[in-house]
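Here's the structure, in structure tokens; my notes come after.
Chain nomenclature is as follows: A, B, C and D, assigned in order of appearance, with residue numbering initiated at 1 for each chain independently.
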Amino acid sequence: MATLFNFMSDNAAAPCPEVLAAITAAAPAQAAGYDGDDWSRQLDALFGTLCGRPCAVLPVSTGTAANALALATLVPPWGAIACHSEAHVQVDECGAPEFFTGGAKLLLCPGGDGKLTSAGLDAALASHRGDVHQVQMAALTLTQATECGTVYTPAEVAALAAHARAKGWRLHMDGARFANAVAHLGCAPASLTADLDALSFGCIKNGGLGAEAIVLFDLALADQLRWRRKRAGQMPSKGRFNAAQIIAMVEDDVWLRNARTANAGAQALARAAAGRLMYPVQANEVFVQLAPGEPQRLRDAGFLFYDWGDAGSNQARLVVSWDTPAEGIEALARALAAG
Amino acid sequence: MATLFNFMSDNAAAPCPEVLAAITAAAPAQAAGYDGDDWSRQLDALFGTLCGRPCAVLPVSTGTAANALALATLVPPWGAIACHSEAHVQVDECGAPEFFTGGAKLLLCPGGDGKLTSAGLDAALASHRGDVHQVQMAALTLTQATECGTVYTPAEVAALAAHARAKGWRLHMDGARFANAVAHLGCAPASLTADLDALSFGCIKNGGLGAEAIVLFDLALADQLRWRRKRAGQMPSKGRFNAAQIIAMVEDDVWLRNARTANAGAQALARAAAGRLMYPVQANEVFVQLAPGEPQRLRDAGFLFYDWGDAGSNQARLVVSWDTPAEGIEALARALAAG
Amino acid sequence: MATLFNFMSDNAAAPCPEVLAAITAAAPAQAAGYDGDDWSRQLDALFGTLCGRPCAVLPVSTGTAANALALATLVPPWGAIACHSEAHVQVDECGAPEFFTGGAKLLLCPGGDGKLTSAGLDAALASHRGDVHQVQMAALTLTQATECGTVYTPAEVAALAAHARAKGWRLHMDGARFANAVAHLGCAPASLTADLDALSFGCIKNGGLGAEAIVLFDLALADQLRWRRKRAGQMPSKGRFNAAQIIAMVEDDVWLRNARTANAGAQALARAAAGRLMYPVQANEVFVQLAPGEPQRLRDAGFLFYDWGDAGSNQARLVVSWDTPAEGIEALARALAAG
Amino acid sequence: MATLFNFMSDNAAAPCPEVLAAITAAAPAQAAGYDGDDWSRQLDALFGTLCGRPCAVLPVSTGTAANALALATLVPPWGAIACHSEAHVQVDECGAPEFFTGGAKLLLCPGGDGKLTSAGLDAALASHRGDVHQVQMAALTLTQATECGTVYTPAEVAALAAHARAKGWRLHMDGARFANAVAHLGCAPASLTADLDALSFGCIKNGGLGAEAIVLFDLALADQLRWRRKRAGQMPSKGRFNAAQIIAMVEDDVWLRNARTANAGAQALARAAAGRLMYPVQANEVFVQLAPGEPQRLRDAGFLFYDWGDAGSNQARLVVSWDTPAEGIEALARALAAG
């Protein structure tokens, strides 16, 4: 049987050595619980430097928790959150945003290549009146990189932020693959976060083990987020292990190195599948229109991946991780090039 | 200045004499509180006869409360409810379904003339996987008559009910204008309710004063609904006045008489606007594509109504109530016929 | 068989003539829905005059809804609300405060004669740390008149308000029997409301039919309350009938007249039961320590009432309404005096 | 300065070597996400053997999440949960049970030495009527070991379970220190879990790093718990690391070894403080009535601990962990013996 190469999700990746080493290093000693430890105390400053402005950083155990807690802190129960129709918050979180917010509503907006635009928001929300009979528009959430493996440029984020600001909306970014976006853009993180109220900074898909960071820029909401996090069962007693993971990812740019590796693998696949890519390949996901029969041939050859789109559409999602073996990428590239 | 004729909403109508008389008749004596009175005790039997099967009937103070409590009784917090994109539960209840259910999600399905179809549901929900990462499909809610003033036939309801049953979904009907639908169809109410788990039986738009009825057909859920209703602040101490209103509406077919009157008025308008109706006129709402300038001319002539559709589209919603003055209907019909 | 005289609850009372007349008077004409009518628009000014400062008044259909919506507007989901151990919000609302607030916690405080004191609050809450692991103290709610039929004086309310203010708590008053308290005190309503953030102004027990008023003094929260009320299914389309009831109660001091009548009846019973009253009789409730066998003798004589306290304790709660027949009060007084 | 010895909380302890080794061992390879890995799949069988009956085991990131998710699965939003007045769910979880259940209410019951009894429950709940105006009694939750460092015997658990069963209540056990209880009793775990609907099996305080296990015995609720967990942000993509920790704790009885070590340390302190212990010392917590001035002397000597009880009461809580240095225990024992 062929060796199996896993392109199903970056969730399947191993934690990277730096993250494991950080956990091990934090282990031997006793330490104060509940964010009172030395690691947890570093986080605000670490991300303050990274993002170029003050922030409160609170680790949580999953991306779903990060998104839902951040949104609950930004919008009231009667609020509405504009998001892309295919956003993770809508289609992959089992209603976590509704649960954490106390019943806010996601208003779904289409957008090519997984990306929202101001014009698209205007069109999708045109019929939303906002009178007392309706939920009140309260926030916009962007996914960076998007569900289609594309990346908002700093200018695109700024334009959407200006749109949100003009409307009085809060701005959240689901950065489960924020690292891949920054690695693609080669920009300063701050150029993407300057207008955010909160960022879900993803680690787990990018070589982390079990911690994501909520980066809250509106410090007036920090206490509220702390209470929400505690009552959500997301305040770990031995929080130093989450903080240590996050520090290990950010220090020495491990997060960018991992993301660059994954992005490069995706580019290799993209080159091999040129001409039948569904979206521009800008992060670590490659969406390919395969030929009839090709999905099965690829699977027979040992490549694991998810079908995409409608049943029978022969579309594939191929995700590259920081630790996807080079030989796997090369083998898949060859197979794709062979068509 | 011209006399004003109000076609904005049947919500503006007066309560009908029978309803007022019932309140007055229930007033003089003391009576046991909290559904222990003689009026409240009649409701189950009254609707059991009307719908041809056992049911538990619980009055509430608004249609929003009826819908949200019924849905919360039928679906779990992690449930999904399929509804028409323009359904009242989605666009006019300020998130009440999300609040009462504890965060369930409405999945929006399009449908011509405001009506859902099995094929339309299949198409709209095709991408809903239903794995653990997603909310779980739990119910279908139909609006009868629809937001477009159209009416599901008994066969259409039965087909959608069979669809729901095959999927394991609960079935709810938002019957804010159920009376108008039955009056239009001339059918037995039971032919529309045979497959329902719960019906929001509307009175207020149809000559009621301040009570709607939740008619629950799954009696195993009745206690749950009672607790939910109490904790929602919808269990009035002097419930006899709500029950008396509802009884007055149903006894002697007042509800059907009122609805027939309103429907007939809508038909008069429809005849006058033939050729520019946006949807078939089957209940008491008429949607008309007006000409440029015509909305203002109508308003100048004393007719009050809501614009519909996109700004500048010159579309109008005209709602006739049980008590809309005949001269108002005639005048508006003449104005519409004049174009 | 003896005539039955009902001392079970003021909930059993009929609506008073003024309230019925107001409903009838509001009925004949069409009127704008959803608080757009002439009656609803009067409420803010009416209570502004009554309470001597600006307020936003929103009718709801039950006292439970009034309390729960008011508290939800004042405290966050992670908040704690100090209340008397026997408060209606704790023991008679099926968890409505928890539901509407999104999970806030009631912290129960004892207090003689149903009344809280600053010292009692301090003692009961001494072990509440308020760190991030605990719900955060956010409000105090007082019941006026209390569950024991006693009344806070203006000085007592002021002292508790000062206590709350010093702690940074919001202050709510459950005034289901506010009228009875004011009638007892003979004070200006404003002397009890000067420090409140919100008052649940009760009408129903006092001759109303189906409307209570939330009187919100912190106007910065008014929009929030409007959205919460709508999404709770408590914004009626024909709101004029609720507003008209409330206006009828307040205009011409009907509320005080009704309350004085009920209070006077209670005083008659209190005189008859002097020496075995459980609490001072200050409103329209009388709690009596009966002798063994006496509860049954009273019931055999046609008096309906609730047992109180532990089973077998021979304690009775006797509630007098605005419309309790004078002969019933006299008869019960004679029976009580006979022992 | 003196060496500091930390008796504040077992939360401050390091993860034990076996747990760290298990994380490291699970790290290098890619693995299927979301409970699809080999470690997660072992959990049901592992605990099935441990507890002697089938169960579904779902790791979560904190004890608060374990308790709140378990309770939310067992009780409806209108439910009531009987618990000890000092239970962690009441005083240390910032309202998580209320949040996760959608507003259920904790009914507080006193009990000597931190332990509930059937008679105590009956007394505390005697005034709970359970009619439609009240939350409905739905579950009992026990803390094992208790907040006072005492342990329910299997017979005591069985008696409370029989009480709960007779009332129709669900039974949950908060086993944050379940290991310490079993180690103290020397019994089979099954003798404590035979009657439970759900157990929060604690690892973190006992040498774990960041995973607790919800052990659900009512398998009919397992899917519901899975959806609740996902929507609570408690379903980690790299769940193998949580599962591996839990396996490492249970395999080879590491959990019992760690607990025995901690318990033994507590016994050493108990012997030294004999005569001034506040409660029997049965787990790893020691509550001591110190003399005036003694708390400060102990702190000056390098011992860290929490004050207990009212301010100025000179009561101390001393918690021993699996890794509390022997010299620290000996030193504190000497200091306590010296008085």
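Operating definition for what follows: contacts are C-beta pairs under 8 Å (C-beta built on N, C-alpha and C of every residue); 3 or more make two chains touch, one makes a residue touch a chain.
Remember, predicted model here, so these are calculated numbers, not experimental data.
Student: Which chains contact both chain A and chain D?
Tutor: B, C
Student: From the centre of chain C, which other chain's Cα mean sits the farthest off?
Tutor: A
Student: Measure off the straight-line distance from the CA centroid of chain B to the CA centroid of chain D, and report it in whole Å.
Tutor: Chain centres of chain B and chain D, defined by C-alpha means, are spaced 50 Å apart.
Student: Quick one: report the Å distance separating chain C from chain D, using the average Cα coordinate of each chain.
Tutor: 41
Student: Taking the mean of the C-alpha atoms as each chain's centre, how many Å separate chain B from chain C?
Tutor: The separation of the two C-alpha centroids amounts to 34 Å.
Student: At which residue positions does chain A touch at least two other chains?
Tutor: As it turns out, chain A has residues touching two or more other chains at 34, 77-78, 93-95, 99, 102-103, 132-133, 135, 227, 230-231, 235.
Student: Which residues of chain C touch chain D in their complex?
Tutor: Going through chain C, the ones touching chain D are 77-78, 91-95, 98-99, 101-106, 108, 126-127, 132-135, 310.
Student: Spell out the residues on chain D that touch chain A in their complex, using ranges where they run on.
Tutor: Interface residues on the chain D side: 6, 8-9, 11-15, 20, 23-24, 27-34, 60-66, 68-69, 93-96, 99-100, 204-205, 209-210, 227, 230-238, 241-242, 321, 323.
Student: Mind pulling up the chain D residues that touch chain B in the complex?
Tutor: Chain D reaches chain B through residues 34, 76-78, 102-103, 132-133, 135-136, 224, 226-228, 230-231, 235.
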